Amino acid sequence: MSDTHAQTQPFVRGEMLPESEPPLAEKGAVKWLRENLFSGWLNILLTVVSLYVIWVVLSTVVPWTVLGIWDADSLTGCREIRDARYGEGMEVACWAVIADRWQQLLFGFYPRDLYARPVLALLVFFAGIAPVLFTGLPRKLLWGSLAAPFVMYWLLWGGSIWGPIVVALGLAVGALAFQVGNRAQGALLGGILAIVVPILYWLFLAGPLIRALASVLPIGIEFVPSDDFGGFMLSFIIGIAGITLSLPLGILLALGRQSDLFIINKVSVAFIEIIRGVPLIVWLFTASLLLNYFLPPGTNFDLMLRVIIMVTFFASAYIAEVVRGGLAALPKGQYEAGDALGLDYAKSMRLIILPQALKIAIPGIVNTFIGLFKDTTLVVFIGLLDPIGLSNSIRATTDWNGIYWELFVFIGILFFICCYSMGRYSLALERKLTRENR
Amino acid sequence: MSAISHEPQAGGFRLSQLIYDTRYRSLTIQVVALILLVLGLSWLVSNTVQNLEALGKDFDFGFLTQPAGYDINQRLIEYDSQMSHGRAALVGILNTLLVALLGCAAATILGVFFGVLRLSKNWLVARLAAVYVEGFRNVPLLLWIIAIFAIMAEGMPQPRDFREGGGASMLVGDSVAVTNRGIYIPNVVFTRSLGGNEVVAPEPEEPDDAGTTGVASGTYGGSRIATGGAGVSTGQDDQDAADARNAQSAAGEDDAAEGEIVPSSSALDWLVVLGLLVLGIIAARMVTAWAKRKQEATGKRPRTLWINLALILVAPAIALFLLGAQFDYPVLGGFNFDGGVHLRNSLIALWFALSLYTGAFVAEIVRGGILAISKGQSEAAFALGLRPNRTMRLIILPQALRVIIPPLISQYLNLTKNSSLAIAVGYMDARSTLGGITINQTGRELEGMLLLGLFYLVLSLVISSLMNVYNNSVKLKER
Amino acid sequence: MTATDIETERHIDRSAMTVSDEVAIEIRGMNKWFGSFHVLRDINLTVYRGERIVICGPSGSGKSTLIRCINRLEEHQQGDITVDGTLLSSDLKNIDRIRSEVGMVFQHFNLFPHLTILENCTLAPIWVRKVPKKEAEATAMHYLERVKIPEQAHKYPGQLSGGQQQRVAIARSLCMNPRIMLFDEPTSALDPEMIKEVLDTMIGLAEEGMTMLCVTHEMGFARQVANRVIFMDQGQIVEQNEPEEFFNNPQSERTKLFLSQILGH
Amino acid sequence: MTATDIETERHIDRSAMTVSDEVAIEIRGMNKWFGSFHVLRDINLTVYRGERIVICGPSGSGKSTLIRCINRLEEHQQGDITVDGTLLSSDLKNIDRIRSEVGMVFQHFNLFPHLTILENCTLAPIWVRKVPKKEAEATAMHYLERVKIPEQAHKYPGQLSGGQQQRVAIARSLCMNPRIMLFDEPTSALDPEMIKEVLDTMIGLAEEGMTMLCVTHEMGFARQVANRVIFMDQGQIVEQNEPEEFFNNPQSERTKLFLSQILGH
Amino acid sequence: AQTLDDVQSRGNLNCGVTTGLVGFAAPDANGVWEGFDVAVCRAVAAAIFGDPMAVEFVPTTGQTRFTALASGEIDLLARNTTWTFTRDTDLNNEFVGINYYDGQGFMVPRDLGVSSALELDGATVCIQTGTTTELNLADFFRVNNIEYEPVPIETNAEAQQQYLAGACDVYTTDASGLAATRATFEDPSAHVILPEIISKEPLGPLVRHGDNEWGDIARWVLNALIAAEELGVTSANVEQLAEEGTDNPEINRLLGVEGELGAMIGLSNDWAVNAIAAGGNYGELFERHIGESTPIGLARGLNAQWTEGGLLYAPPFR
């Protein structure tokens, strides 16, 4: 029995068929509508329900927003204008409170004529963060990133220029100590010295040095106490300070958690788990109620600083987990290649592992920052005047007592804009990373 | 290099080995770290001791047994202002657990719902779902909690609007009242309660007037306490009831049997009902297993839906009947509704806000999980002849769940921790009782915060260890 | 594309490879659009029971789309497709009937990673055909033996090599006792050594007289096994012929160009 | 594994391939366990300066582990390893000294993807040997020319083909002026065309008299370049011999079996 | 004297206030804090530095206020805080006087028709947490054996919003707060403050235990303000009186014309002049911030001078 080819009729197409238009139902707006909105009973129902929801929301919100009153100097004024304009009983927004207090909501009680300084500080922040986020920029700019926190501090708080400079010198002292130790006894001693010497310097030498320099060469700008900080500026400062300060700590914790040294590993794990296991608000109360107990009797620094310390600890636990993810994503071969070339632990971390791991971790870090930024609103519970706290104080003035939604809407929109754009950014970054890794 | 030149391993131990020998080096580092750690900790402790001394405070948990003095409206166990701070803390802890549990459940439902909607083919619906997700994710939770609390207070009718001509009416056949103080739903009470029923002679007044006096409104006290309570009872209700009874028996020659049985509920009743429910579920699972065996044997799977429903529902229903279950409907009293179960605004607002906020994150997780399952999987299933719903159940869900559950549980963790924002709406959770009023009234910050932190820590660790167990059990086998 | 040279050695038993007069698949004037893009243009094709048809053509010419239309993984917009006498319409029952007649093997295997090999194979028989589990497992083991990997039955897909996975995918389809098998580039995601295993399995199927439609660029396979080769370009069937004729004496310019490219390597 | 046939054509210059009496590596009674699993059992091996040793054996036989022990990527538990006169102990200084004497090339190249090719090559000289940057770059360019990719110096590893990456990995090792090179299946992750480039580079190294230990299954390379072939199985050295003898006249049964498999394809 | 030294070397006074309570403390559009409590801080600062603006205001919540004081974050807490036994003793504070005699009251919508707190059985009551009001409320209802439903709220603004929306029938807080809140309602006359005052709420500034000198300064600045009203010294005439002297020896001692009172508490002799000039005497402050001419419109009531039938009674300056 052989193969039967009986039915196989050779066929050759003489002329190629041209492309033709799809049937009507397959193109244009009709198709779009049919596929996207009305492709079945369920879908039609969903579309109708959605339209209804949109209508209900918009029909209440839009008139309230659009007809809102901008020109009044108190809630009573608003109500009078409203009654005159739209007749009684009409609910419209009283945006006048925003017009009156927007500066306060943004900058707190920061002196008006110095508003340029926080804005400049924000720009410095962006300039400092750029080389971290965009790896294409020259590496030299990273020195600028290192200087940025000190410049920002000086711009925000002002005062003598020597404070930030002398404190920043501590880093140089640390680097020097490391070099000396490294020469003398190797990286281990260098590492220990690099931690201990700057701490001693900051504790005992920095203060007198600042005072001496300030009395010899009093250069400085107007000092602004942290009690004057508030509004979105406060949220930004706490958020940014938290995330930048927590980065080094978070990296150390991540390395500690990866380490096979039992004690270091367990201490890191315990720190991370304890911090993450307890809500931020409890930590904030700790900052406000307890932190002073743990410090030497008599020390007392302002609440904002204490909050920043607590937030830094809090953020560092989260950063540690993000960085750990980055470390884990690196193939083992990278570690081994470093070892095989004779690089020691510190060098292979610094030159090979961390640059790669941090790059992978950036989207996660940005997301942590978004979370932290939103969480800064919790400081209202310990009496700091963040936007929500300020909205309470604004309501406590006789002019604006009784105003409610307008402030929340304003605050909500500002938060939304910030967080949404950062979220988009981190998403784009993530996509770019996955593309590159392919 | 010529000959082998290594020095013979000296038997003795040299100090430089501490640094250069890999075996000792790690030990050295750890000992140094340990010393630093101990130094740091002891520094903190000694500071604390000194500071406490300077302030004349001590470290003492005795305050937990002292009377709290404040009232808590929302409580799952009996509590009044004369009970101890410890008891108040327990009430708060249970409240935290309650809202966390409710929140996790609702956030899951919302998240799955909106996650699926975001994948909907309907453009409008997908967009709306995206607006929900982005809106809630990008605005601080605190703002949402406050806003929802305020919307509920302003948007819902007041109890007094339910009076004649007030413009509001109760739902579901006059059994549910949605007010701006919360939602009142019917409560189930028993005329033959296992906890025993009180017998009271018929009230001389018209029932309509009931609720305006302390005695009458106190008669439902038992049910309130068991279900979260409608209000703060001053601890004298039992006394009142007893007085009323005494007065009754003293005044009238009527036999107690002719009196009216006051329906009530006790923990025992609910234990019985719940027990039967659990038994029913176990039986239903056994039926399902039987159906599975049957299918394996014959290929046909018996329909078990109705059998299961019956198994689960019938026994508890009979129990309810035997116990003389009846609804205790909320009725408009003096200022508020009386009777029924009162779900307070603070609870509802916190619950809503937490679940809406977390739900937005869950929606993204669900969406990601479903998208992570390649289209090829469903195509392969279709090509084998499986219907879409079977494909979903047998192919897509089991795979998506592995992707979804770990981040989902960490969202649960976040929700639990975020429930501490209860402070914004005055929901009396652990932070508000133990970490709030108690600390404030007793001045025991250190002890209170320590206990509070410990509570959250233990809770988190329990949840995350559950997660690890799960993760290990579903790991995909790879080469 | 040299891996198939190995096949030249294998002796193929053609005894069961008979083509009957019975029509297995009939496609009449079929057109399909993706949006406004005309993917398939006026496709007419009759497949008789027992035929082994290889479809080839440049990438994007609509080969996959064509065979995916046959079991309704894609919907066509014009024309009729009749499979085993059942007209493919949006009637769910017909779709079910057709899908249980037609097995399909994908380029990327699409095994279910959360189920063992055995469970992968028994899933559809149990839930679609309502076969008792025991029986389904026996059948599954039978086919797993047929594709030479019975010993892997209790492993998970992730633990198998690509070639083994593709053979499981074939076994999984076979467990539904399909009368027609569709293959969409079953070997193109595989390493050369593994291609052989899979092609061997497919040849085995052909020897047993299975009706097969196979999108593939393995020309060795086409030469030895197919009784008809179809060349598609720009959504149309440009040429079809017996393999010998097709390869040695292509008629259309396009076919010639394509063959010169594909056999060039 | 037929790709090495290509090499048979190349003329190999054996003038510098001399083996001296000097001991480069000495392994005595070495044992290693992973947990309770005994991976390496009583290994004894002396490598003289200038030797080119190929290690082969079935997967899991401990080949990689053996050469990884030589530069302490793995720690051994018993026995002595002496490299260039330095005893490999837990003393960090000795480990450092040995690592800077011994270069290693991995199966998966392990280039640093965030650094350019040039930076990959200068990293270790600059940071470990403290060579000035200029000088290090000059050396690096020298070796990059040697492996025939000087023009890629400013690209990133991701932009290179596998074969080029492996050659960079070799150049990177050479930049540290190692006296001994270890190769762990340097070609097994490469496509056949690229294997040739890399083997050529390795042959070049051998011609210059580099001491080499190479885990590979490229038997052509072994035949031409190695002066000793070691066969390992189950963590033990089962047989070692000159290549001709080893291939043509294996002694042990296991070796025979292995060779039949590996030369079989 | 430690605290005074610290304050002087720092150059300003750290004063704890509320995060915002109408009439008592709130920042205006320029961020300048104003209010009745704030005025106490300003007077103390003026007494020390001669400059009423040398104050840093630290907003505190009900929860954080005592710790802020105990930890030294603030030097003086002027935040409508009720003077109670435990707060004075157990919590280690030192109340330096009373600047407002208050009591806890109830406010209800007029159309509820309630005329006495005893009719509130079953009512829902909004309270601010972290204050003594919670405890008073619990006691009041317990003693009177009536039921209520407490709704604890974190801030006054929120409580006000809840009350207006009808989420609670009753709002309870200090009577002054009730009046202040009611004043800002769209229709104040639709709400009544019930006659029952269920507690004594003596509100006053406080300092830490342990630094009696510092406590003296705060105490006597407050007394100076009260005495000034009694003696007819106002911000308008204080400079003149201080310069020219009077024939009332107590005024002279108060204003430093006679004697060395200032030195006894470690301040300059014109401390009281500065304190009074800062914002006026007690009566002036009252009128300006919470008195009947303000929207808040509180009557002096108990807070009138003892000579006018009130409770204000400054000890003699001698």
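First chain written, first letter: the chains are A, B, C, D and E, and each begins at residue 1.
We take it that a contact is a pair of C-beta atoms (placed from the backbone, for glycine too) under 8 Å apart; a residue touches a chain by one contact, two chains touch by 3 or more.
Since the model is a prediction, treat every value here as computed from it, not as a measurement.
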Give the chains in contact with both subunit A and subunit D, ordered by label.
B
Show which chains lie in contact with subunit A and also with subunit E.
B
Topological distance between subunit D and subunit E, in contact steps:
2
Equivalent-chain rotation between subunit D and subunit C, CA atoms, steps of 5 degrees:
155
Between B-D and B-E, which chain pair is linked by more C-beta pairs in contact?
B-E
Could you pull out the chain whose C-alpha mean position is farthest off from that of subunit D?
E
Go ahead and note the Å separation of the Cα centroids belonging to subunit C and subunit D.
46
How many angstrom between the C-alpha centroids of subunit C and subunit A?
53
Calculate how many whole Å lie between the centre of subunit A and the centre of subunit B, each centre taken as the average of the chain's C-alpha atoms.
30
Quick check: what residues of subunit D touch more than one other chain, meaning two or more?
none
Among the residues of subunit A, pick out those that touch two or more other chains and give their numbers.
285, 289, 292-293, 380-381, 404
Residues of subunit E that touch at least two other chains are 63, 67, 154, 161
With touch defined as at the top, which chains are paired up in contact here?
A-B, A-C, A-D, A-E, B-C, B-D, B-E
Where on subunit C does subunit A make contact in their complex?
14-15, 17-19, 21, 31, 33, 35-38, 41-42, 46, 48, 51, 77-78, 227-228, 233-242, 245, 251-252
In their complex, what parts of subunit A are in touch with subunit C?
1-13, 16-17, 19-23, 26-27, 31
In the complex, the residues of subunit B that touch subunit A are 19-20, 25-26, 28-30, 32-34, 37, 44, 47-48, 50-52, 54, 120-125, 128, 134-135, 137-143, 146-147, 150, 417-418, 420-421, 423, 431, 435, 439, 445-446, 449, 452-453, 456-457, 459-461
Counting only contacts in the complex, subunit A reaches subunit E at residues 75, 79, 100-101, 104, 108-110, 112, 225, 227-228, 285, 288-289, 292-293, 298, 300, 302-303, 380-385, 389, 391-398, 401-402, 404
Subunit B contact footprint on subunit C (complex, rising order):
71-73, 96, 99-100, 102-104, 106, 108, 110-114, 123-124, 126-136, 155-156, 158-160, 169, 172-173, 176
